[in-house]
Structures are given as structure tokens and as C-alpha cells.
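What follows is a set of structures for review.
The two complexes that follow have chain A in common; it is paired with chain B in the first and with chain C in the second.
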Partner chain A sequence: MALRIRYRMRHRNMSKAMGPCGGPLGRITRLRKLVTGVVRFERIESVFGWTDETRGYVERMIQEAIKHGDRHGPTMELADFWLLEKDLIHKLFKVLVPRYQNYTTAFTSQYMLPNKYPGGKISMAVLELKGNCYPPIKAKERDTSQLLTNILLDVARQDYVLQKLQINNSTRPSMESASCWHSQNNVIIPNYVDEITTHINTLSIDPKTSTEV
Partner chain B sequence: MAASMVCRVRAAFLRFESDLLKILGLNRFNGPCLAPTGVNLQQQPHQRDSSPGVGFLESLKESVLWAVPRSRRSLERRHTRRFQHHKHFEHAKPKKNIIACLDCGHWHERNTLCGNCYEKVRQETQEMIAAMKEDEKVKFNHPDTELTFLYQDELKLKDQFVGTHIVEVKKKRPQWWSKNLLTSANKR
Partner chain C sequence: MCLVSKSKMALPTRLAAKCVAKNISINPVRHTNLVTGWLLEKHRKSKLNKQRVTTDDPLAPLSDQQKEFSVNEYKFVYPDFLPDPVWYRRDTIREKLERRDMLRRRKVLNIPEFYVGSIMSVAVSDAKAPGKHNRFVGICINRGGHGLRHYFTLRNVIDGIGVEVSYDMYNPTLKAIEVLKLEKRLDEELFYLRDAPAEYSTVPFDMDPVPRPLGASVFINTIKVKLGPRPWHCRWERENLKGVQDLGLPQRFYDRAALLEQPWEKYDIMKRYREQIDEDDLQGIYQDFLKQRASISQMKQS
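Moving on, here comes the complex of A and B:
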């Protein structure tokens, strides 16, 4: 099953995760601590690269728990490995699984924190589980679909799609498409234009926050 | 300076090598057997321009390839390196991604949160977590239900949250955090 977040093709090395010469074991130890922290406190601040790595593991762990439940051996072992504090295993299966049972989105949110000038290469980020009890990081969910730019872009997108489909439809009987395989072989192309225009009109555009990573 | 240092290092190396060979008893005299008297046939390893047979330590050194430029850098590459300003110029370049927060007006980079807005949220979160840590029932043994945080002026609403564990936060609810969030319809 796919994760509902963007993740890298390769894991980050996290070379100084548990001090110098920590190696892969240092990375895993740090990730376990962070995963434990997220599940316990539901909102943690850390280095962006580290939070991004933990996010994948947290999402996967919750996903597996939802899929298999708490009677499944391998899932229990997974939770036992990643959660260093064992009371959180109960929290995972009894609190988080019911909370996230019907979610269609990711279970975590991640936001970049500001750097005080001059800053450095490393940015901090805050990783939180959705549905937590704390004050929301983004107080207002701004609906940007009614901004003029977005309206114009939506219309432009519709026009472009229609244009493309009409070109495809119009080339069926004409001489211009002599090279077209379909016209040469008398293949019937179904008319998708009407279907897609009705689909576009029913589309709702979700407001996407630009600072959500 | 570097060349003289290399020579000194090399000389020290050769001296060490000859001493080591003497200690180990591997010092073999490689000169001719029949030789006129009065001539010093012993090798002088500390002389700069001596080039006798290669000792085993020096042969080790000679087999190591020191890094050296392989080809002449083109003019384009030289100019790119010198004039592209790719090193140590992060703070010399102007930042064009700074925007004003729509809620409070403070400046922040486009990809980050507003520092001013988040600071309030962070403070409040820390205080709630502190209250959670003080609660003995939650500290080391998280209950099997969700948590509800109730402030001092809301403790009378305990009955609304029967299925959850209530954590008391010993302060008033902050002005900027809406009370409406507590009703069961829009709890989260």
C-alpha cells in the first residue's frame, strides 16, 4: 500500500544522528526516539531531514496497524521495535487506529520553521499527528479557489483540455489526419468531450497551503 | 614552502627508515665488494641528492599516487569558478522569497511558518505538554482513550467528555484559541 506523503527514493544517512561515528545504527536509534516522541506528544520539533524521515516510518506504522489490527504478529513486532516506550503500543492500537480509521489523507503534518538570521544549512521543522488536542498551527484554512488568478487558471485548464479533445475528435473524417493511424484503420474514437466537461464542472479544488511540506 | 616541507618530510622518512633497518639488522651494504680504501662506500641517506637503491619504506611512498591536476582548466571553468559566486555568498544574495504573514503582518520566508504566529502556538503547546507530564495517569502509562485538555474556567464541562481522559491545564484558555473547538460537533 502506498504512503500518502511524498518520500525520497533513498533514505537519508543522518550521519550525526547519535553523535559522530553513529552509523546506520545511530540513524535507526534516533528515528526510534523521534517516532516514540511523535506518538507520545503528537507534536515535535526537530531537524527537517530527521522529521521527514520519521514521517515515513510513523505513517507506515499507523497504516500497518489500521490494516492488520492488534492480533497480527508482525505488526505487533513492528510497533514493539519502533515504540521504545511500551505503553504507546497500546496507544497506537487503541487510540490512533480508531482516530485514523477513515482518513483518506496522511496522518501527519509537517511544517518548516523559520530560521533566525543568518541561519544555516539546517532548518528545523515541526511534525505533528493530525487530530491532536493542541492549538492548530494553521489557524485558518484559507480557501484560495475564489481568488481571481485561480479562477482564471481553472478556466484556462478547462479550455486547454477541451481544445485537445476537440482536435482529436475533429481529425477523424478529415484529410489532415491522413497519417493518423485511427483514420487509416477506421477505428471509432468514442466522444469523451461531453463526459469530461461534466466531470470538470463537478470538480472541487481543494485549498492547498503553500507552507505545508 | 610546501616543496621544502616535502623535502624535510622525505629526509625524516629516510632517516627513520635507515634507523629502523639498523635496529632490525636488515641493513645490507649494496656497494661493490672490492673497493679502494679511504672511500666511504656507506650510503648517506640524509644527503639530498643521493639516489641509491630504493628502501622499502620509500618504495611504499613512491607507489602512492599523490593528487595532481590532470589537465589545464579551461578559461570557461576558471571564470565560472571565480565569478559565479557559488561559495560563501548565501548571505550576500538577496532573499526574494520573504512575504508578510496574512494574519499578523510579520515577515517570513514563503516556505516557512510565520514565526510570530507559531510562537504563541508553541508556548501554549509546551504548557499543555507540561500539564500532561504532571498528570500521573498519563506520564508513563498513556490511557487507552483520547485526551481532552480542559482549562481552569472549563472544568465544569467534564461531563461532555466521558469517553476521554481529562487533563487539567492550570490556567485560563488563551484568548486567541476559540472556545467553539470544545463542542462535541467540531471537537477537532
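Moving on, here comes the complex of A and C:
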């Protein structure tokens, strides 16, 4: 199985991972802790470089678990090595493997956190497993093209363009010609204006007691 | 898959040294291959491409003809066809052309399946030898290299002197490669034979080929070599050798070896992933290899 994330061609040394003079063992120890954390909490915050390194290991571990299952000796040993808390080995094979069985994308997401002033040069990042129970980090983008304001802006933009194009033409473009464009292009302009005026008339708005909507 | 080359990353020292020697500014961005592998494949399959490849499906299930050995065994039977895993040496087009050349050579010269530990004989054309041909018999102690640069080394003891000869497998002056005894050993490299008595490396020149029954799996010779007295040319206690007897060293050697050991290396899945060709790529390479082999076998021998 191929890795579905961007990964560096050389590993990071993570020289201060477990204090000074940690060396490769310090790096591996820190990675084990981070991998354990990701599998337990499904969303962790750490230094970006460390989360980026961890990401590869998490993805590969889950890929091996999916490929070989929980009856395969070397894969069990691998899970035993990387997951320092042994109840997570059960979670890996019984919860994460079924969850990610049919994924075609990566199993993890990584987001950079903002560098608050004064801050340091090192950026923090969030590493999370996909399909976790927490609210999403990035809010789902809504389609705003059908909002009244945007429709009116589109029409106004068309008016402006037509005006510019028909400089020599004496007939001035208008709302009708713009709405013609809309009807030709199957864009329905809902008749909000009438609706809103009738609604306002039905309400008894007292300027003293009215609140902002 | 996606490769990242960050501008701040240092070049490997050999490449950096070359850049310095040729007065080239050290910029880790690759200049050699402007058409990346994925871009090429994207173009080949694009609907706008007139010569669109529609039948290329690297993940299609293998046919019966293709199942003579699986993708995993292909790595061991034809290790020379595997590309170099180092990222800045990968080039899809060059690899395809190399594979084609290798198969064309294999059509002319029979290159048999062999492993480290097999006893082989190689005949080369040598202008300076009597009869213009030279034959050497020995035990294969290592093999390496990728593509057309694949090599193997044979070792024998002649008149009490250990002799090792390295051959480039696709060298056009090679006349014949014959496997006299096909077997494997417990180690991937047998350099420790240099420190072992001569009897372990001696192979008679007039050895008859040992017949191998069809369909049999490769025999694994579990011999444990007894090394000669020290000094040795390598610290064998640090190499995790399986094919040698107990080295009989003082405890301090083993203590130092234990200190330098990195037992987590076998669990370092990212390191292993970087050192090997990805399985999906391997599937594609294997399919291309089969296709080329089929087309070249139909070619007239030139």
C-alpha cells in the first residue's frame, strides 16, 4: 500500500525529542509516545515537525494492520512496539481497522495552529485521525451563491459588464435584461422583495422595543 | 506517491561534493527529470491524448500466465529489474528503457535464477587469455546494483589464494553464466568467508552441475561457518550473522555490540518504506516487465 500523505525524503532528526543527547533512541521514544497519543485521543497538538513525523508512522501502522489483520505475528509485534498502552492494540485492530478498511484517502489530517504573538519560530500543529468524535477543526463551507445579497451582486456585476460592452449602444441595460440572462441560464431569482414587504407590513414594529434581527 | 523536496534540506554529501567540484550551485531541486512519473502516467491516460493507453491497469488481477511467480517473488527472482529506491535517482522513462534493454540481452544470453550462496561458473571473452575465453567458477558472495548495472561476485580459492571476481551481469563480453548448484544461505552477504578457512570457499573448477527438480523451492543451506582466528576484516559480532558458529570472543566485544545495537530499527516502518520501492509501484513495474518480456520474446533474434 502506498502512503497517501506527503512525506519527506529524509527523516527528521528530532534532536531534542527526549531532552538533550537523546539521539535516535530519543527520537523513537518521542514518536512512540505521539503515536500512542494519536491512537488514544484521536486528536493531539504538538510541534509541527514531530506531528509530521508521527503521521507517517501512524498511517503505515494502520496500513499494516489492515493488510495483515490481528492474527499476523510481526504486525502484532509492531503494534506492541508502537503502542505503549496495550489496551490500544485492541483498539487498533478492532476499531480503527474496520473504520479505515475502505478508505481511499489518508487516515489522518494535520492542521497548522496559529502562531500567537510573541510565540516562537516553532509552529504547533494538530494531528487527528479521520472520523473522530470531536467537532471538525475546519468548519464546513456553506454554499453562499443562493443568498439574496449574492444574487443581487451577480446581477449588478452583469449590469456593469453589459454597460461597459454596450458603450456605443444607446439603449441602457436594465434589470430586465439582466434577469433575461438569469432566465436564459436557468437562474431563478426568488421574489424576496415582495415577500419581505408583505412580511414587514404584517409585523407591528415598534421603534422603541424593536430588537436587532 | 507524493515526494517533497524542501528547499532547506541538505543534499547527500556525494551529490553535494559533485556540485562543488563542477561549480554548480547547491540547489536540492531536481533538474534532471522535468517530466515526473505521475505526470507522465496522467498524460498517458488522459482523454485528450491521441495515443491514450486504455488497457494499462497496474492493479488488474494477474492472469494464469503471469502467476508463474507472484509480485513478491519477482523481487527475489529478478532483483536486477528493481529500480533504485533513492528518490533522486528514480526516472520512469529511463527505467522502462533499461528493462527493455535488459530483456533484449536476456534473449541473447541466458541469465539464470541464482542467489547468494549458489555455485556458479561464468565464461567471459578475454582478448589476452589463451583461447580468447576465460572461465571462472565460484560461490556467489554478494549481488547488488540496479538495472543494467547489476553485479555479482564469485569467490574461490586457487592455489591457496582467495580470489574474488565481480561481474556486471549485463556486460556484453560475458559469454555464459551457469548455475552449477542453486541454493541459498542464511545471510544476504557472505563476506565472512574471507575470514574463514579455505575449505568453505573452495569450489572445484570441474564441478558438474547439480540437477534441480522442477517446481522445487530453493534449497536453504543452513551451514554454520567456523571463522578462523582474529584479526578479521570486519567486526562480525556486530553484524547479526546467522550463518556462522559462535565467534568465541571475550564478553567485552558483545557488550560493546549491544551498546551500539539499534533494536528499534526493525520496527522503523517509515525507514523501511523509504528504502524500498512502494508495493503499488512494484505492481506497475512488474506488469510492464511482463508486457515487455512478451513482446521481446516475439521479436526476431537480431
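As a working rule, the second predicted complex is superposed on the first by the 139 of 213 C-alpha atoms of A that agree within 3 Å, B and C clash if a C-alpha of one lies under 4 Å from a C-alpha of the other, contacts with A are read in each partner's own complex, and residues count from 1 in each chain.
Simple rule for what comes next: a contact is a pair of C-beta atoms (placed from the backbone, for glycine too) under 8 Å apart; a residue touches a chain by one contact, two chains touch by 3 or more.
These numbers were taken from a predicted model, which means no experiment stands behind them.
With the two structures aligned on chain A, chain B fits next to chain C without clashing. Of the two partner chains placed by the overlay, only chain B lies in contact with A:91; chain C stays clear of it.
When the two complexes are overlaid, the chain among chain B and chain C that reaches more residues of chain A is B. In the superposition on chain A, A:56 contacts chain C only, with no contact to chain B. Distance between chain B and chain C in the overlay is 15 Å (nearest C-alpha pair, rounded to whole angstrom).
Partner chain C is touched in their complex by these residues of chain A: 1-11, 24-25, 28, 53, 56-57, 60-61, 64, 77-78, 81-82. Chain B makes touch with chain A in their complex at residues 91, 102-103, 108-115, 117-118, 120-122, 124-125, 128-129, 132, 140-142, 144-149, 174, 176-177, 188. Chain contact summary for the complex, chain A toward chain B: residues 40-41, 43, 45, 85, 87-88, 90-91, 94-95, 99, 111-115, 118, 123, 126, 131, 133-137, 139-140, 142, 210-211, 213.
Across the complex, chain C meets chain A through its residues 1-6, 9, 87-88, 262, 264, 267-271, 273-274, 278-281.
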